[in-house]
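Quick heads-up: structures coming right below.
Two complexes, one shared chain (chain A), two partners (chain B, chain C).
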Partner chain A sequence: MSITDVTTDVERAVQGAIRTAASSVASSATTPALTRRARLSRLVGGVVLAALLATLPFTMHWAGPAFAVDYGLIVAMAVLSISVLGWIGEISLAPVAQMGFGVVAVNVCQVHHIPFGFTLPIVALSSLPISLLLAAFTLRLKGVSFAIATLAFAYMAHKTFFLEYLGTYGAFGGTGTTQVARPSFVRTDESMYYLELAVLIAVALVCYAINRSRVGARFTALRESEMAFSTLGHPPAAYRFFAICLSGAIATVAGALFVYLQLQVPSNLLLPAQAILFFGYAVAGGLGSVTGALAAGAVFGAIPKYLETLTKSEFLNYDLFVIGLVVFVVMMKAPGGLAEIGRRVWRRVEGSPA
Partner chain B sequence: MTGAGPLGRRITPAGRQRGRDVMAAWHRLTDGDTVAVGPADGTTNGNGHDSGPGPVGRRPMSLAPWSVDGGGREDGRELLSVENLSIHFGGVQALRDVRLRVRTGEVTGVIGPNGAGKSTLFNCLSGLLQPDAGTVTFDGAPLRGAPSVRARRGLGRTFQTPRLFRSLSVLDNLLFGCETADWSGHRYVFDPRLGRLPQIERAERIAALVGFRGDLSVPAGSLPFGDLRTVELARALCGAPSLLMLDEPASGLDADQAQSFVGLMRELGDMGLAVLLIEHDMALVMGLCKRITVLDFGQVIAEGTPEDVQRNETVVHAYLGRSAARA
Partner chain C sequence: MSKLLQTVIIGTVTGSLYSLLALGMVLVYRTTGVLNIAHGGIGVMAGFVAWDLVQLRHWPYYAGLLVGVSFAVLVGLAFERFVVRRLPNAGSRTVATLGLFLLAQGVVFVVPWWSNNSAQVFPSPFTGRVVSIPGADFAVSYDQIVLVGTVVLLFLGLQFLLRRTRLGMAMRAVSDDPAASRLMGVREELVAPVVWAMAFGIAGLSVMLIAPINLLENTSIVAFTLKALAVTFVGGLVSLPLTVLGATVLALLEAFTQIYAADIRGLPSAWPFILMVAVLVIRLIRPTKALDEQALAAA
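Then we have the complex of A and B:
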C-alpha cells in the first residue's frame, strides 16, 4: 500500500500538494515516458501541421479557391458545437438554427455600428437566451426526445424567423441592409481564413482544456451514470446547461463567421436538415472528440468544395452520395470515427503499442 | 452477538478479526499516537456488539473528546425519521405508509423478499423518486429537493448494481465524493481530521480504509466485481455522509471481503456514522444491525431488534411461506 510509505504529516502534506498541483485531472493514469521516436514524431508532426495550416489557402490554390478551406473551418466549428454535446451524451439538431441567430446578430451589430472587435464576443453572448431555452428542454427530455425537441425548435425558428428575416437571398429584410461588410483586414478569402483559423484554434483550445479538466471528468461521470452523479452531490442540470450554452456559443460564432465569409446567408442554407448532416459529420469525426470534429470539418467541409471546383461542379451531382459513403465506411472501419483512425495511425507513427 | 440464528449463518471470528485489522491499519495510517475507543477486555461496546480483545477501534488521541460540535460519536440521536411514506407506480403500490427511524452510531437494516420495496425506499430517500405521500426528516429538518441537494446534506448511498464511472479512474471516482464533502463543509464523522487533508490523499486513505488495495489510477471499469463494490463504498464515504445507505453491499463479495465489510461497518457505526443497510445475507444483517425493519409488498411487517425479527412469524412467513412458518 503506497501510503504506508508516508510517515509524517509534513511529508504527507508536501506530497499531497505536489500531486494536486501536478495534474488538473488528478486521476489520470501516469503518463509513460515518451520514446525518442515518439518525441521526434510529435515534433515533426507539429511542425508539418503548423506549416500546412499557415499556408493552406495558398498551397491548395491548384485545387480551388480559399473559400473551400474557409468553408471547411466553419463546418468544423459547427461540427464541434454538436460534438461538445456528446460530452453529456446528448444530441442537438439546433446548431444550424443557432448559426442562423449568429448571422442575424452580426447584422444587428453592423446596423448599430458596433466595431468588429466587439462583434464576436457579443455574438457569443447573444447565444445565451436560445441556449438556455434549449437547455430547459433537458430538464424534462433526454436522448432521442431531446434531439427531436431541438429539431422541432430548429424548424420553428426557420419557418417563423429566418424565412422572414433572411428570405431567399439572405438580404436581411427590414433592416435596410443587403449584406454584411467584412472588416478591412479580412477583405480577401485568404485573410478570412486566418481569422477563422484563429477563432477555431481558440475555441478548440477552450474545449480541449474543459475536456481535460475536472469539469470534463464531471461530464464523463454525468454521461455514464446520472443517477450516481446526482446522488454524489453534483447537480446534473448545471452541467447540462453549461455544455448546451458552450455548444450554442460555438454554433452562433460559427454562424457569424459564415456570414462574414458569404456576406449573405439565404434562409435555405439554415434548413434544419443541414443539422442532421452535421450530426453525421460529428459522429464520423468521433462524437465528443475535439480533434475528430476538426478533422470532420476538413474532410466533409473543405474537400467536397475542392472536388466541386476540380470537377467543374460535376461533383455536386454525387456529393451527398460520396459523403454518405465515406461516413458509412468510416463508421464500419472505426466506430470511434476519424478521431479513432487518427489515434491508430499516430500510434503506429510513434511506434507505441496499439 | 455473532449473528447466528434460524435465518442466517454464523460470522466467523477470523472474519471479524480481518475487519479489525483493516481498521487498525487505518488508524496506524491516520496517526501513530492512539488511544483505545472500545473496551479491550472482550466486553460488548455501546452498539451491543462484541468488541473483542486487542487494539480494536483505536482513534487518534488528538481527536478527543467527541462532542456534538467537535465531531465524533453521537450515539442514539435520531438522524432520519420516515413517516407514512407511500409511492405507487401505475397500479402497483410500491410503498405504503412506511415508517422508519435511523439513529446515529447504529447500523439499521431493511430487509424483505425481492420486490418488497427496499430499493424504492432508498430511491425515495435519496431523491431519485418523488413519493406520493409521507414526510422524511433528516437531522432535524425536512428532507426535500434534488438528489444532489440531499447528498450535500449528508446522505451517501451505494447502489444494488455498482454505479461507478467506469471510464474514469478509481481515484477520479473517489474525488467526486471528496468534492461534495468540501462543498458541503461536512466533517467526516468517522475521522474529522480527514477534512483537512488534500482531496487526493483523503481519497487514498479512505480507499485504504475500505480495504481497496489496487491501483487507484486504473479505470474503474477494469475492476473485478468485488472491488467495484468496495470502491463504490469508498466513494460514498469520501462524501462525508452522516447517513450511509448501502443497497446490498455484500452481494458479489467473496467471503473475505464480506467479513472485512462486516468489521468495517461495525467500526464505522461505533464511530458515530449512521448506516442504513439493505441486504439479503441474513447472517450479515442479524450480526451487524441493531434494529431491523422488514418490508413486504411495500409495507412494514415488522420492526425491532434482530432477535425480535427472527422470532416474528409474519417475517418467517414472508420469507419462507405459510407452510414453512407452521413447521
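Then we have the complex of A and C:
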C-alpha cells in the first residue's frame, strides 16, 4: 500500500465524518413533519419555560432571595465555558481564573469611566491574551496534560495576581472598600437577573449557531481524528484556538456579571479547585451540550443557595457530597448527562420513538 | 551557610511531600491510563478515619493508622469493582475519579463530629521530637525524617515492583496493550484491583504522614495535590524518577525564593506553572513520544 492510498483512505474517512456531522446539522432543518402531539408539546413546553424564566426571581421568593438564581445563571455561564471545550475533546480547568480576569477588567473599565454598554464587549475582547496563551499549550499538549497545564495556570493566577489585586475582601488593590457600581437599570438583584438572562440567552444562541454550523461539524471531525482532519488541509490549531477563545470569552463575561452581582469578589471565590467543581457540573449536564451545561449550571448553582437559606446554612455541609453522587450516577447511568436524560424524557412527551 | 542548609532541608522535606502525593498518581496513570483526581480527597477521608479512631476513640496510633490505610484500600477495591470496571475508557474513568474526589471531600463535611472543625491536629508518636542539625541553627522533626524516609522507600519499592516483579510487569503490560497481555495470560481483572488498592492505600498513608507536619484538612491537602499534579507533568505522568526529581526541584525553587527573594511576592506560587512551561520548552527542543502517547491514550 503506497502513501497515496493511505492519504486517500484518510481523506475518505474524514470527509465521511464531516459529511455525517454536516448531514446531522442539515437533517435538523429538514426533519419530517411533526405530529400534532409533538407540536402541542413544544408549544406548551416553550410557553411554560418562557413563563418560568420570566418570573423565576419572584416565584422563588419563598425559598430565598433573587441572589440565588442570579448566582445560578453565572455558574451556568461558567459551566458553558467548560462544556464548549467538549466540542474539541479538551478539558480546561482555567475558567474560574478567566472569570477573575473578567472581574479585574470590569474594575479597569469603571476606573476609566467606560459606559456599561461598552464594558461587556471590552471584557469579552480582553479575554483574548489569556485565551491565546492557554491555546498555545494545545499545540503541544492534549487531554489530561492540557487539563493539568490549565490548572497550573489557574493556581498561578490565583496566588500571584488575584490574592494581590482582589485581596481577602474583594476590594480592588487588596485594600480599601472600593466596590463596582452596577448600571443604573439594575439596582436590585431581581433586575440583575434579567440582565444576566439576556446575556446568557445571547451567549447560548451564539454557541448553538456555532455548534450547528460547518464550524461545529469540523469541531466534531477534529475531535474524532486530528490526524485525518489535518490531512484534509484543515488547520487543527486554528479550530482549537477558536474554541478556547470562545470558552475564555464566555468565562470572562461570566466573571464580569459575577462582580456586578457581588459588587466585590474576594480572591477566595476564585480558587482553582472551584473549576474542578464546575467541571463536575459540566459532566452532570453532558460535556459538549449547551442546554445540558446551562441546566446543570443553573440547577447546581442556584439550588444550594436556596437550600442554604432554607436550612440556615446547614446544607453547606452536603454540597460537595451531593454533586459527587450526581457525577457518579450520571457516569454510570447516563454518560450523556442531564442533556441525554432531558432528550429521553422529551421524546416520551412528544411520543416519538426513543 | 546555616541559612543555605536550612533552605535545602525545607526544600527537601516539602519535595518529599509533593513526591509522596505524586507517586500514587503516577502509579495509577502509568498502569491504567487514568488520571486519579481523587488521590488527595481519598487521603483526607482515610486520614479522618484514622484521626477519629486515634483522637476521639483513643485507639493506639498504629492501629488507627492501619485501619485508615485499610479503609483507603477497601475504597480502592470497591471503586475498581463497581465503577472503573463498568466504564468504557480512561477518559470516563478519569471523570469518575472527579466524582469520587467531590464525594470524598463531601464525606468529611457530612460526618457531624468531623465537620464541626474540619482542620484537625493529628499528632504522631514522634511529634515534638527533633534532631538538631550540626552547623545550623535549625532542627528537623522526627515526623519530617519519617516523611522523607517513606518517600525514598516508596520510590524504590515502586521502581522494584514495576521493573522486577511479575505483578509489576503485568501491570505495565495491561496498560500498554490489554489485548496482547490477555493473550499472554495476564488477567486484567486481577491486576487492576491491585493497582487501585495500592494507589488508594498510598494516598491514605501520605495524608497520615503529612498530617502531623501540617494540619489534617481538606484545603491544604487539595493545594498540595494540585502542585503534585504539576509535578507529575515533569515526568510525563509516567516516569517515577523524573516525578521525584520534579517535586524536589519545585520545592527547592519555592524554598529559595521564599527565603532569598521574599520581596518578589507571588513568585513561589508561580513556580509550578513556570516549571511546566520549562518542561514544555525542553520537550520542544528534545521531543519525546511518551507524554503525547500517554496523554492521547488517556484522552
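Everything below uses one rule, namely that the second predicted complex is superposed on the first by the 320 of 354 C-alpha atoms of A that agree within 3 Å, B and C clash if a C-alpha of one lies under 4 Å from a C-alpha of the other, contacts with A are read in each partner's own complex, and residues count from 1 in each chain.
In this text, a contact is a pair of C-beta atoms (placed from the backbone, for glycine too) under 8 Å apart; a residue touches a chain by one contact, two chains touch by 3 or more.
Since we're looking at a predicted model, the values are computed, not measured.
A.B. asks: Regarding the shared-chain residue A:D319, is it in contact with chain B (first), chain C (second), both, or neither?
C.D. replies: It touches chain C, and chain B stays clear.
A.B. asks: Identify the partner contact of A:L53: answer first if only chain B is touched, second if only chain C is, both if each is, neither if none is.
C.D. replies: neither
A.B. asks: State whether A:S145 touches chain B only (first), chain C only (second), both chains, or neither.
C.D. replies: Only chain C is touched by A:S145; chain B is not.
A.B. asks: Considering only the touch criterion stated at the top, classify A:A298 as touching first (chain B), second (chain C), both, or neither.
C.D. replies: neither
A.B. asks: Contacts for A:T220 in the overlay, against chain B (first) and chain C (second): which applies, first, second, both or neither?
C.D. replies: first
A.B. asks: For A:P335, decide between first (touching chain B), second (touching chain C), both and neither.
C.D. replies: The second partner, chain C, only.
A.B. asks: After superposing on the shared chain, does chain C or chain B touch more chain A residues?
C.D. replies: So, of the two partners, C touches more residues of chain A.
A.B. asks: Taking the superposition on A as described, I'd like to know which of chain B and chain C A:G233 touches: first, second, both or neither.
C.D. replies: So A:G233 only meets chain B here.
A.B. asks: Applying the document's contact rule, which stretches of chain A touch chain C when the two form their complex?
C.D. replies: 89, 137, 140-149, 151-153, 155-156, 158-161, 163-164, 272-273, 276-277, 279-280, 283, 316-328, 331-332, 335
A.B. asks: So in the complex, which bits of chain A are touching chain B?
C.D. replies: 1-4, 12-13, 15-17, 19-20, 25-30, 214, 217-218, 220-221, 224-225, 227-236
A.B. asks: For a test of understanding, state which residues of chain C touch chain A in their complex under the given definition.
C.D. replies: Interface residues on chain C, with respect to chain A: 29, 35, 37, 83, 86-87, 91-92, 94-96, 98-107, 109-110, 115, 222, 226-227, 229-230, 232-233, 237, 265-267, 269-270, 272-274, 276, 280, 283-284, 291-292, 295-296, 298-299.
A.B. asks: Which residues of chain B touch chain A in the complex?
C.D. replies: Residues of chain B touching chain A: 29, 126-128, 146-148, 150-152, 155-157, 159, 163-173, 175-177, 179-180, 183-184, 197-201, 204-205, 208, 213, 216-218, 235, 239.
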